[in-house]
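Alright, structures below, take your time with them.
The following pair of complexes shares a single chain, subunit A, combined with subunit B in the former and subunit C in the latter.
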Partner chain A sequence: MGEEGELAAEKHVRYIVTAEKKKDSFESLVMEHLRASGAYWGLTTLDLLHKLHAVDAAEVVDWIMSCYHPESGGFGGNVGHDPHVLYTLSAVQVLCLFDRLDVLDADKIADCILLQIFNITGLQNEDGSFSGDIWGEVDTRFSYISICTLSLLHRLHKINVDKAVEYIVSCKNLDGGFGAMPGGESHAGQIFCCVGALAITGSLHHIDRDLLGWWLCERQCRDGGLNGRPEKLADVCYSWWVLSSLIIIDRVHWIDKEKLAKFILNCQDKENGGISDRPDNAVDIYHTYFGVAGLSLMEYPGVKPMDPAYALPLDVVNRIFLTKQQ
Partner chain B sequence: MHGQPRRPKQPEDDAAAAAKAAKLRELQVQVLHNHHTYTYTEEALGLSFKLLEINPEAYTAWNYRKLALQHNLKELSDPEAIKSTVDNELRVVELALRQNPKSYGAWYHRKWLLNQKLAPVDFKREYGLLDKLLKVDARNFHGWNYRRFLAKFMGVPEEKELQYTMDKISENFSNYSAWHNRSILLSNLLIQQSEGFESKQKIFSEEFELVIQALFTDPSDQSGWFYHLWLLAQTSTPDNPQLISSWPSNGAKLSLCSARKNEDQNMVSSPSSICCYSLKEGIIPIVLYFNDPVKGLNPTNVKLNSDFVFDKDLQWRPLVITDSGYSNCWATYLEIRNKDCSTSQQFSVEVSIPCPDDIMSRSGSHCNCPVHFTFTIELGNNNDEAHDTDLFHDPISWSSSESFQSHGKPSCVAFDQLNITSALVQEESRWNLDRLSDEIDLFRDLPDENSKFAKLTLARLLLACAAIKSRGSSLIERKGYCEEALGFFSDLINLDPSHKRYYEDERSLVLMDQLTCDMETFMKYCSVQVRSNSATLNHVQLCRLSLTRIGFTERMLWVQMLDLSHNKLRSIEGLEALQQLVCLNISNNQISSFTSLEPLTKIVSLKALDLSFNEIGAHPIDTTRYMCSSPFSHKVERCEAFEECRKKSVNVEEFWDAILFFKSVNLVQLDIKGNAVADKDSFATVVMTLSPSLKWLDGTCIH
Partner chain C sequence: MGSSSGEEGEEQWVPPSRRPELADVAPLPQADGPCPVVSIAYRGDFREVMDYFRALYAAGERSPRALRLTADAIHLNPGNYTVWHFRRVVLEALDADLLLEMHFVDQIAESNPKNYQVWHHKRWLAEKIGPDAANSEHDFTRKILAMDAKNYHAWSHRQWVLQALGGWESELQYCNQLLEEDVFNNSAWNQRYLVVTRSPILGGLAAMRDSEVDYTVEAIMVNPQNESPWRYLRGLYKDDNNLLVADNRISDACLKVLNKDWQCVFALSFLLDLLRMGLQPSDELKGTIEAMENSDPETGHADIAVAVCSILQKCDPLRINYWSWYRTTLSS
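For the complex of A and B:
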């Protein structure tokens, strides 16, 4: 894989650092509400490329904390936007990158997910499912997000893990995959969320790994890229969702990594940096991150290895869980 | 962003783009301002509508509209006025969906509205919207989720929804979403035994016909093949799970393997007894192996009777977990406390499952075949304390072994386990077998003979037949099926090289089956190794066979020395069933991490391990990181071994997996050369710190 040596790493770094500053284009305004996630995508990519120092850590941490809602304990996607678990995880992940979890009140965030968000009983519902915010939308994405956030904060014990696992298992389909809710169609993104949550809670025995592995490895299309569901086009972002799931269940050898790496590298804008969903499409930070993360999972030279479940660089996750705790 | 072409920036676009951006910026600022100031006037609501029309993903604007609705409804009591407010809200959602039919925020806003039950729901409108959207994109999973939501909301019978999936499938066979929904509805109806759904056989026959029609229309479309795979899995699982193997086997005599130095002629134990090495640790494992993953073994339904006193409430634990706690292989451990008795004594243990009804498979069917077997344990005057070191006075050598036959039949009793339930093929299996044979005939005629799905399905059908046959006793037919399936896997490796290693893994299992399925074949790989102290080890050598994974371990529960060297193994899952294993050689394979060796930590008798020339430490991405217990999966919260190693300046972040492995095994002999990890500085410290009994390291005596 190395001999292609085609990853335009420096261009991508420049693309990310400058995109950070172009807040006024229509494209970035449409994404304004999820800027906290944008920060996570961009900064994780920088870290994977060994360039996290290109940004001012203190400035980022200050900005992240300006999205914090102290009354609820959650983070909004940007300053002035409502709190939601999606952006709470992104914020926590960014703080993990900089080893700055100390700025958080971990119990408060755990309580936000669990106990006293505003005036209802918490985001974990009776049946073990999780809502995204106080408005009650239920989705297995939120199960993963809540479990991942709590685990990174060493607060997983605060929820009923058995119930949470039971709910995720109730979303398992006959093709071995998982949907957004019971009965929902299998989709690589949802599968990542469910497999990731089961990994973090030590519950992978609920997965029929050969069945799911076959479904996932069949996501590889003729062009080498991965799609998210049968009979769909390949898209760089599925490099992450599918690969990480395959790695977690130890079936990643069932796909052709070389062809996939080529597909990702073909989606680069080699002039201006950035990676797009498909070859010759417009680049964005989301696909730049997923492209580089996919290469990382395939041990591409020069890219730091990622943890498949927490979606952070391996060294960051090892530091969080293996450093002696006081 | 998806599907936007990349194009160079054109200066003439700039002005227009800037104006568009300015308008959006303005709207966003205003809506957030109104949200923060609790301003819910009609004008303010209009702005949020404009914003959502441009950007339906602006979630805070949806939250704002919910708050506004709650606020404004307080002042309304006229049902008509309420209805028109709700209608207006529904229209906002519709326009947002026109901009982005996959907007999570828009779809949820609609569900939330309906759930408020403010006004009667106009279901015609709802289904009209759905039909329109699914016509544009029949795979929009938001649409399908909303359809299931509506069906539940209205209490639509599942039969009716099943018909809808039929309509969609008839429109276009290539609709995975419809096939998926069909599988969900059908399994519900079958479980509930709804009217017309009492007979699984009848329903599945019809489904097979439907899907075959689709597959013959377009053999390259995945949707039908996945549905077929599901039907096949339903057809090929055994109707009732059965015990197919156990350790100890019926009639086995276990003894402590004493060093018999020059006493060969008048052995203390009877000639047909089997050395049980775990007895040295005071433990006898009992292993039960079923032909289908089961759940529900406990001290109440598995009864142990013996004249020897031990804890009667022994817990049964799954050894190899397949799916949600269901396992083929269950174990319990007898503790033999006073093993050092000075006089020799013998006692028997009776294992029985008189009423196996509580033991259930994933499909909910019960074990219906009672189980009963006995074995004997001999405890002699064994004051040979240094037994372990005796066995390893010289390092284990993997070559020299004597033929199995020359040793009487010390362990052959174990082979009888293969026939532990040679129950005839039952009535229901007859249907399965006929069904599968019909399918095989059909697919042989599929016009596109290079369809990889057709070949793969044929291979799977053949193996399903072979598995059903193993429940009977038609060995030749069974071997024929395996042989043909192997041919298909070889074809597939050429036809679809991207999935080469999937086919290799499947092929490896068939190979394992072939090598072990009958005594005559299997004996070629079996022998007995006699150690310098006359202790014997039942030895199996499966080397240089290109195995990539292990299967059919139920036929090897009695193996004490296993040589799997020079294969392509990347996983040793399944070996945990071999509770008698003392020596394992997996050198020259593709093992790439210590985490993948976790199955070995469940084998108390394991003493010698040859890992040399593998890939441990060579890969930054560990594909079994989450398959083992670790702090990342919250299965190891506190680990003293970490502390111990830290004290010796070991970097725990680098060696956590090695530490967790070596603290859980108790090896006397280890070979690890030829792995990247062996060259790392602190690695030897980890091994030495955590392996107090280690005597031989890479062939050198270390104390």
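For the complex of A and C:
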């Protein structure tokens, strides 16, 4: 049984560090394509817990760069895999954590996102949406991924931001939320992508904050946890998706933070570390990250503050945007 | 936790190294980075298939045996987007039978219904096949939604097929059916909204509004503790508050629900919105609210909207801050 109480930070650090090294498991086979994202989840969590130095920065940067495709300018999910915007963002975020964006040719990566990873005819699709890759997926998740990556690289000016914003706004629903496509059901994960992208592009005026804020705070269930859609079970990952959106639109005080924190703490494996989706379930690195990130957004003691739009520790984001650019 | 890959199905699975058709191929092992800090020890058969796949992929070989190898690689890991991409390249080069391919991906999708690649592949195929694919695609998403009525991928695909290829004819009926099965299914309510607002054969929201209000009010009466129809009801009066306030069926519904359960947050909040929009409360409504307030001697407000808001502060403590804020927006 999970027991409420303190954040078992030390245990989580150990869980992440050993998970990074665990090699021969079925999970690693299935997760093979998520490695760059897995690295981002684990390392961001370490940083939030002030323990980024528990890993060898040079080794991580070397591995990340071995996933880089110099000819296209994108990152694969692992060594030898094709580039994809999802992993390109994760790789850029990891490099941000270590303050090593200097190893990248930012223009090359931006151009890759524009030319190679999006469609060949160039830049965005006509309706302003992004394609996930040269194979043409259209989903607001990709709007976020691209806008966030370009912004971290100081290359947002390379895209037609108005078009991108217009498309995101076309995915807005009458409940104030956003779906993956125009007409798609509001979903907390998609809402984060849309709200985050609108925040980064300075377009939050397109959001009805009170209406969306109410939908988001209705996501809090009796057990204190947050769900992603009406009538779904609470899950620790929505502590991130819902909470970050609420913070961006300045409505986070509309939920019961104390109850949410208790819910997350109840999902800890206090013996072996890690956080699960719900109390008493098996832990994984994804939910460990979302749990700690959620606590960070609620200013939990001992956890670094997180930037809700860029999904990186605040000091990392400040370092990127407040230091002088050449 | 997930089920193991490489299951039965194909009676006798022969590893690539023992297939005569691949005898001339030199497998290409994964290039580990300079510092394989996070390298994975792969299972033997997985490694072998991928090594052969990599060889044909690197050579850009667009052949039937390459197609078969991508099928093996997909069976072992349906999440590998490189394999799927290469499969599409090969399919195009071979001018392959698209219906047969749809059958292949459907089988994979059935056991991996939340995998992005399979849905993307289906969309690519459906786009190539054109409007003829609409009905069979709708049948397929129905099948997936019968297993999980809220699968976001399946809904996205279904909505895309409707809007790109058609097949709207029985969609409202399908929504009815799903809501009969589970009136709490928010995805089905969302789909209903899509149909009512975008179906080319129903005449649009204005034409559908009246009957939809009846349908929704009935659903609310069956189970008032259901967020979805309350939100749907607001959607039916998209940006037209005056029409909403003027529709007596809605304030009546709130009143009816509250007479049975005066703590129903959805009814209270809807009523509150109506009042803020200018609803003139009937005497009956006033009486009901007063009676509620009397059950709690601490309160007692002349303004009926403020009264409703203070009731909400009491019966929805999780969101007390929201209701407190709301109260500040009412009269000064």
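The rule is simple: the second predicted complex is superposed on the first by the 315 of 326 C-alpha atoms of A that agree within 3 Å, B and C clash if a C-alpha of one lies under 4 Å from a C-alpha of the other, contacts with A are read in each partner's own complex, and residues count from 1 in each chain.
Here is the rule we go by: a residue touches a chain if its C-beta (ideal position, glycine included) is under 8 Å from a C-beta of that chain, and two chains touch if they have at least 3 such contacts.
Here the structure is a predicted model, which means the values were calculated and not measured.
Student: Once subunit A from each complex is brought into register, does subunit C clash with subunit B or fit beside it?
Tutor: Once both complexes are aligned on subunit A, subunit B and subunit C clash.
Student: If you tally the residues of subunit A touched by each partner, is the higher count for subunit B or for subunit C?
Tutor: B
Student: Given the touch rule stated above, what does A:D307 touch, subunit B (first), subunit C (second), both, or neither?
Tutor: After superposition on chain A, A:D307 lies in contact with subunit B alone.
Student: Just subunit B (first), just subunit C (second), both, or neither: which does A:E218 touch?
Tutor: Both partners, subunit B and subunit C.
Student: In the superposed arrangement, does A:G183 touch subunit B (first), subunit C (second), both or neither?
Tutor: After superposition on chain A, A:G183 lies in contact with both partners, subunit B and subunit C.
Student: Please work out whether A:A39 is in contact with subunit B alone, subunit C alone, both, or neither, and reply first, second, both or neither.
Tutor: Only subunit C; A:A39 stays clear of subunit B.
Student: With both complexes superposed on chain A, which partner does A:F321 reach: first (subunit B), second (subunit C), both or neither?
Tutor: A:F321 sits against subunit B, while subunit C stays out of touch.
Student: Applying the touch criterion given at the start, work out whether A:V60 contacts subunit B, subunit C, both or neither, answering first, second, both or neither.
Tutor: A:V60 sits against subunit C, while subunit B stays out of touch.
Student: Contacts for A:E231 in the overlay, against subunit B (first) and subunit C (second): which applies, first, second, both or neither?
Tutor: After superposition on chain A, A:E231 lies in contact with both partners, subunit B and subunit C.
Student: Let me test your reading of the model: by the given contact rule, A:D256 touches which partner, first (subunit B), second (subunit C), both or neither?
Tutor: So A:D256 meets both subunit B and subunit C here.
Student: Once the two complexes are overlaid on A, one stretch of subunit B runs into subunit C. Is it 347-355, 401-409, 491-499 or 599-607?
Tutor: Clashes occur only in 491-499.
Student: Starting from the residues of subunit A touching subunit B, keep only those that also touch subunit C in the other complex, and list them.
Tutor: On subunit A, the residues that contact subunit B in one structure and subunit C in the other are 24, 26, 29-30, 32-34, 80-82, 84, 133, 135-137, 139, 173-175, 179-181, 183-187, 213-214, 217-218, 220, 229-232, 253-256, 259, 282.
Student: Which positions of subunit B touch subunit A when the two form their complex?
Tutor: Interface residues on the subunit B side: 1-7, 17, 20-21, 24-25, 28, 32, 35-36, 54-55, 57-60, 63, 66, 104, 108, 111-112, 139, 141, 144-145, 148, 174, 176-177, 180-181, 183-184, 187, 221-223, 226, 229-230, 233, 321-325, 497-502, 505, 570-571, 596, 619-621, 623-627, 629-635, 642-643, 646, 652-653, 656.
Student: Which residues, counting only subunit C, touch subunit A once they are in their complex?
Tutor: Where subunit C meets subunit A, its residues are 1-2, 4-5, 30-43, 46, 54, 77, 79-82, 85, 88, 116, 120, 124, 150, 152, 155-156, 159-160, 163, 184-187, 190-191, 193-194, 198, 226-228, 231, 234-235, 238, 317-322, 325.
Student: Considering only the defined contacts, which subunit A positions touch subunit B in the complex?
Tutor: 24-27, 29-30, 32-34, 76-77, 80-82, 84, 133, 135-137, 139, 151, 156, 161, 169, 173-175, 179-181, 183-187, 199-202, 204-208, 211, 213-215, 217-218, 220, 229-232, 235, 247-250, 252-256, 259, 269, 276-278, 280-284, 286-287, 297-299, 305-310, 314-315, 317-319, 321-324
Student: Taking the complex as given, what residues does subunit A use to touch subunit C?
Tutor: Touching subunit C from subunit A are residues 20-21, 23-24, 26, 28-30, 32-35, 39, 56, 59-60, 62-63, 65-67, 79-82, 84, 132-133, 135-137, 139, 173-175, 179-181, 183-187, 213-214, 217-218, 220, 222, 229-232, 253-256, 259, 282.
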